[in-house]
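Accompanying notes for the structure given below.
Note that the chains take the letters A, B, C and D in the order they are written out, and that residue 1 is the start of every chain.
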Amino acid sequence: MESIILQILTGLDKGSAYALIALGLTLIFGTLGVVNFAHGALFMIGAFCAVTLHRLLQFSHVVIDETQTDFLGNPRKIEVPYIYDWLGEPLGRAVIDWSVPLAILFAVPVMILIGVIMERGLIKHFYKRSHADQILVTFGLAIVLQEIIKAFYGANPIPMGAPSAFVGSFDFGVLVGFDVNSVIYPYWRLVYFGFSMVIIAAVFAFLQFTTFGMVVRAGMADRETVGLLGINIDKRFTIVFGIAAAVAGLAGVMYTPILSPNYNMGMDFLVLSFVVVVVGGMGSLPGAVLAGFLLGILQSFASMSVVVETIPGINQVVIYLVAMIILLVRPRGLMGRKGVMED
Amino acid sequence: MLGLTRKDTILFLIVIAMVICAPVLLNPFPSNSALAQFNAGYPDLMQRFLIFGIFAIGFNILFGLTGYLSFGHAAFLGAGSYAGVWMFKLLSMNVLPAILVSILVAGVFSVLIGFVSLRRSGIYFSILTLAFAQMSYALAYSVLTPITNGETGLQLSLNDPRILDGVAAADGSLPVANFFGVEMRDSLDVALGGWSFTFNAGYYLCAVFMILAFYIAIRIFRSPFGMMLRAVKSNQQRMSYTGLNPRPYTLAAFVISGMFAGLAGGLMVAMDPLAGAERMQWTRSGEVVLMTILGGMGTLIGPVLGAGLIKYLENILSKINDNVLHQWFSFMPDGLENVIVTLIHPFVGKGWHLTLGLMFMAVVIFLPGGLVQGGQKIAALLRRKKADPNTVKQPAE
Amino acid sequence: MSKSNFTRRGLMKTGAATGAGLAMPTIFTGAVWSAAHSGFTNAPQGDTVTFGFNVPQTGAYADEGLDELRAFELAVEHLNGQGDGGMLQTFSEKNLDGTGLLGKRVTFVSGDTQTNSDAARASARSMIEKDGAIMISGGSSSGVAIAVQGLCQDAGVIFMAGLTHSNDTTGKDRRANGFRHFFNTEMSGRALAPILEANYGKDRKAYHLTADYTWGWSQEKSMRTYTEALGWETVNTVLTPVGAGDFSSYITPVAQSGADVLVLNHYGGDMVNSLTQAVQFGLRSLQANGKDFTIVVPLYSELMARGAGANIKGIFGSQNWDWKIENVLGDRYTGTNAFVQSFGTKYGFPPSQAAQTCYAQAILYADAVTRAGSFNPCAVAEALEGFEFNGLGNGPTLYRAEDHQCFKDVVVVKGKENPENEFDLVEIVDITPRDTATYPVDHPDFQGGSLGTCNPGA
Amino acid sequence: MGILEVKNVGKRFGGLKALDNVNLNVMENTVHAIIGPNGAGKSTLLNCLIGKLIPDTGSVMFDGQSVLGRKPHQINQMGISRVFQTPEIFGDLTVFENVMIPIFAKRDGAFRMHAIEQVTNEQDIIEAAEKMLIDVKMIDKRNEHAASLSRGDKRRLEMAMCLSQQPKLLLLDEPTAGMARADTNNTIDLLKEIKASRPITMCIIEHDMHVVFSLAERITVLAQGTPLVEDTPDNIKGHPKVKEAYLGEAAH
């Protein structure tokens, strides 16, 4: 029982990351009709926004301490972040400690900017091209973005801590009368889950209750008609792309304490999120979210040792297996519409 | 000739000539010059050109003709490779049975995957094939280790049964893949002036298969079957209402391209008897997609060019390190030398992926038809310069 | 750093070769790699000899690979008499005098293994076939090491393995032309057990998370063998997919499993993530069976420790070498400081154990060539087999003839509580002496293969 | 006996009766039109004829065999060719290839692995295709890409593709829908030409009365899912029920 609750919790968490990326992918696909293979890279760049902010905050000047020596026997250089000088050490420390949540503020404009540049500079020219061309050019872009990040930050994972206030775990078990430590879950993961729910809700609310959102939804349903209405679709496309990029970026920022970011993390998520999008049904936002959580939870269950011992290797293939079954039973995914992406 | 039209015959003869002369053509720089870095005429790379050429030619029969974008063809390459190594281990070091069984196993495997995946089209098909390939990869890497030897990859060992060849060589070294006694690594080195050329037996075996594969591809392209495949891509609705069943046509194309991939896998292990699980990863499938598009999808020669270009970059660019750069630009004043090296540095050596990514983008943006289209544009430009500017543009073949 | 001499030399050589070659084409046949007239593959022509350094430059282990490459460059400099000579001064053999090898200057080519057997073999083949490399060295994973070792055996060149920790490299897949300086999972288990006993006692319940591939399995097996010998109980072992990223669904059951030790048989990114997440789940602050819950990471690497950040504090693991070892444990480990000095001076930070292994392998190869008086791989192999040496930072070391594995002290480390800088993440707890780390040649985990005979190519 | 016999066909979508007890007989070598106002059930009936929908009741027999439950390519192989509202052609292929494909389909069936034969060696197919293109006056465009044709030529090509199979029944689904008057007249002329040049059975489903009256020999008027009358064009013209159906529509 406890283990099932735990796996549901981990599944929800994994699912929120899939759902956030898939949401952006679907938004882009549904409105712009573009298959964006660089979406995983946007997630990765988001994560590196957090790294960058963390490094910026730690930007230091060097004080030479004659009393200590470094590994080569030279006087030791101690780096003092400028922020300590400005804010005083306690506050400076706190700011650095909170750099991951603070990075949200930093990442939103950066990601929107990157999204807008990407759309204006590249994606725009691919609206009329075949999906294969779109996949290729965005795949090429993903490689380029990834390599640029690697050039600056190296290939190894970079540790990013959650604020110390969120370190540790919450004991659910005690609440409902289980043994102590039987259902514990890290605070930060709860934060992540809550955060993604907020973002998902915000995106849906935005689409549901604003005029802008209505046009976008209309565009997703029937692009040609909206074009005929004389609404300036181009500008809206750009904004939608920016939003999708920001959603992916934020998913990345908040994920850094869970998964130490490395330059390749985008590719790992890309394939899975594509499976998620397709299982959800191309072009369906609720489908993407639903499939994200569904596959996250399934993956968690498949990782339970009871399951793995019964069917060896199932934990490695469960997502693909489920995707295959769903696609064969429901040709257009869980909530897909007819005719989308079938040519 | 050979039942081909004049134009195709010329193309075919050119390809044959290029393949035969490749050991010379690919080594244009004297082996001691600084530019020797760019020589590609060594057996391993030349074999890879041909093997991946075969892989891409086959993939193009599916993708280029029917438009079905498979992200799972690496699974057939891998299946063929494993089958090949198992033939070496169990039967004989002769490459012929290994290659034939590779083709067969990949064929059977592709019938299974194709039958299921082709129930869907568009991106749904792509994701289904991707799912199959990723599952094959994940299982080959872990659970199927008894068959695949997991991470290390399946290789020969001294205590393999090899029922036809009997026990391993007397001196305790591993036996060598051969074609009725001709060892795949046998070669003829010719030093001519500062140049040296290597004519390798394995390469020429690959060449025979590649030429055969290319010939089959031409025949398929020009056959009624090929026309039907193009019809699948163009308009499936019309096709059904014309009395044609698209499913067996696409399945046949899928299986043919899977068998080409199996042949490529078999040749890979014939040249170098090791089959690793990474061969099945989706990025490998992505690679063959890129080769096909880079060269020009739906064209005969395009995939071969694309395969060559990508393998060339991978093998040559990744070996250019800073030392080599400094060596090249050492004639410059030190300051300038360092600036130039710093500028080039991110694009070579460990940064070769960056160059690759930029190149894809450039090709897709500016040359949607790939290198073949680039060639046609240049040809058209030259023709226009010579002839009347109002010459009618020929539709691209 | 002026490189102008390269081109001038290149030009002169080209000129000479063209002059000689124009007279008559020379033709000879044989295996791809052969030079029939000299009896072994890639016999050095002219006044240089080429080493091939095959390291991951892209993919997950790219940082290790680059550190290996740095060490190789340093080794080549030292062999050619540039720089301060590094460990050549402390090495127990004094044959290397900075004049290159057998009168030939050492040059090198580098390639990218991509941590992928196929790519690694392609890269090694191109170095052998195209660049005429006389030996191949480097690598940062066992799959690649075994694949490249097999290739070098067939090609008839020496393979000096880089970072490879799987038993198979010198066990089931050992080859006569391949040599490993790095330690292996068996030695990690032997080394860690006494120290775990000293710190955690005999009554412990262990839960293993194991990367689902050959290395993971073999690491798990040796950890189980040696901890169970102490009296520890193994509660459960769970296989995790390689590159899973999020290990939470494997970590959550640990807390309620009744275990009080978590053994992470992971390496690289998997280790960073599983450890970070285990700490996040609060495992280290748990009490289980009346004891503090602890985590053990059998194979440590500084670069990975950097990735795990503060989570690594206080966690035990084993290493092949550490840059502080001579300062901490004295001059049994001589060579360490000399190497750190020259590496640190050149690159500005201390070397990793991957760098040290690769440096040592290059020097050991060079020394074997001088002692053998030949580049012939069989002569070199003979010189390396049973070779006892000292002064390369690991203390007295033996290259065992029977399996081409080096035997030396194993360093047991733990994550430092208060690191002084980003390179000072681990502290040396103890060493396990060579005798304890040494296992018999007929150890069952190392069976199923044989060296075969040395292959000189040709 | 008609070549196409529709008996007692009924089809419901939820509560809506789309077709109710439809009976229809298309006789050989006649042009039979099915007309009716919007929502009369024309498309549903068509979809039942081509196997896309399976009726709840009744049967659809073609040439003595049931078409129900058959796939489009099987129905075509029985001898029914279909012309679409907007011309469906192989846009990426040349005009000549477009005409060759249906001839191959007629000769070789739904699937044949003719991968080694070369198209250039298929003399009989080439001759038939050339003859067909000459017939529809498109031989000069044989090497053009079909996608680059004008709309009228696309319709002509589609018709040629269907005729090249010498179908027992040619099914036309609103062939002039959305066309300008001039285009409509061109299409009518084309159909008249075809009808004049060979014996052919056509079934036209059409909204436009003008088209129907200039071509059809028999007309079935469909309203609210059931046939009102079936008669010759002259008799239909003045038929009160038809007027009512159409006027009724106009009144809405």
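Heads up, the rule we're going with is that a residue touches a chain if its C-beta (ideal position, glycine included) is under 8 Å from a C-beta of that chain, and two chains touch if they have at least 3 such contacts.
This one's a predicted model, so the numbers in the text were calculated from it and none came from an experiment.
Participant: Count the smallest number of chain-to-chain hops linking chain A with chain D, moving only between touching chains.
Facilitator: 2
Participant: If every chain is reduced to the average of its C-alpha atoms, which one ends up farthest from chain B?
Facilitator: D
Participant: Can you name the chain whose C-alpha mean lies closest to the mean of all the C-alpha atoms?
Facilitator: Ranked by how close its C-alpha centre lies to the overall one, first comes B.
Participant: Just curious, how far off is chain D from chain C if you go by their C-alpha centres, in Å?
Facilitator: Computed value for the inter-centroid distance: 74 Å.
Participant: If you average the CA atoms of chain B and of chain D, how many Å lie between those two points?
Facilitator: Their C-alpha centroids are separated by 46 Å.
Participant: Averaged over CA atoms, how far is the centre of chain A from the centre of chain C? Could you give it in whole Å?
Facilitator: About 35 Å, centre to centre.
Participant: Among the residues of chain A, which ones contact at least 2 other chains?
Facilitator: Within chain A, residues 316 contact more than one other chain.
Participant: By residue number and range, which residues of chain C touch two or more other chains?
Facilitator: Correct list: 58, 62, 212, 239, 241.
Participant: So which chains actually touch one another? I want all the pairs, not just one.
Facilitator: By the stated definition, chains touch in these pairs: A-B, A-C, B-C, B-D.
Participant: Going by the contact rule at the top, pick out the chain A residues touching chain B in the complex.
Facilitator: Answer in residue numbers: 35, 122, 125, 129, 131-133, 135-137, 139-144, 146-148, 151, 267, 271, 274-275, 278, 282, 312-313, 316-317, 320-321, 323-324, 327-328, 331-333, 341-343.
Participant: Under the stated contact criterion, what part of chain A meets chain C in this complex?
Facilitator: Within the complex, chain A touches chain C at residues 2-3, 6-7, 9-11, 13-14, 17, 68, 70-72, 76, 150, 154-162, 167-169, 179, 181-182, 184-186, 188-189, 257-260, 262, 264-265, 268, 299-300, 303-305, 308, 315-316.
Participant: Enumerate the contact residues on chain B facing chain A in the complex.
Facilitator: Its residues touching chain A are 69, 116, 119-124, 127-128, 130-132, 134-135, 138-139, 142-144, 282-283, 286, 289-290, 293, 297, 346, 351, 353-354, 356-361, 364-365, 368.
Participant: What does chain C use to touch chain A in their complex?
Facilitator: 58-63, 212, 236, 238-241, 243, 245-246, 248-250, 252-253, 255-256, 269, 272-273, 276-277, 280-282, 285-286, 288, 303-304, 306-311, 323-324, 340-341, 344-345, 350, 420-421, 423-424
Participant: Could you list, by residue number, the parts of chain B that touch chain D in their complex?
Facilitator: Chain B residues touching chain D: 3-5, 219-220, 222-228, 230-231, 233-235, 237-245, 248-249, 252, 256, 395.
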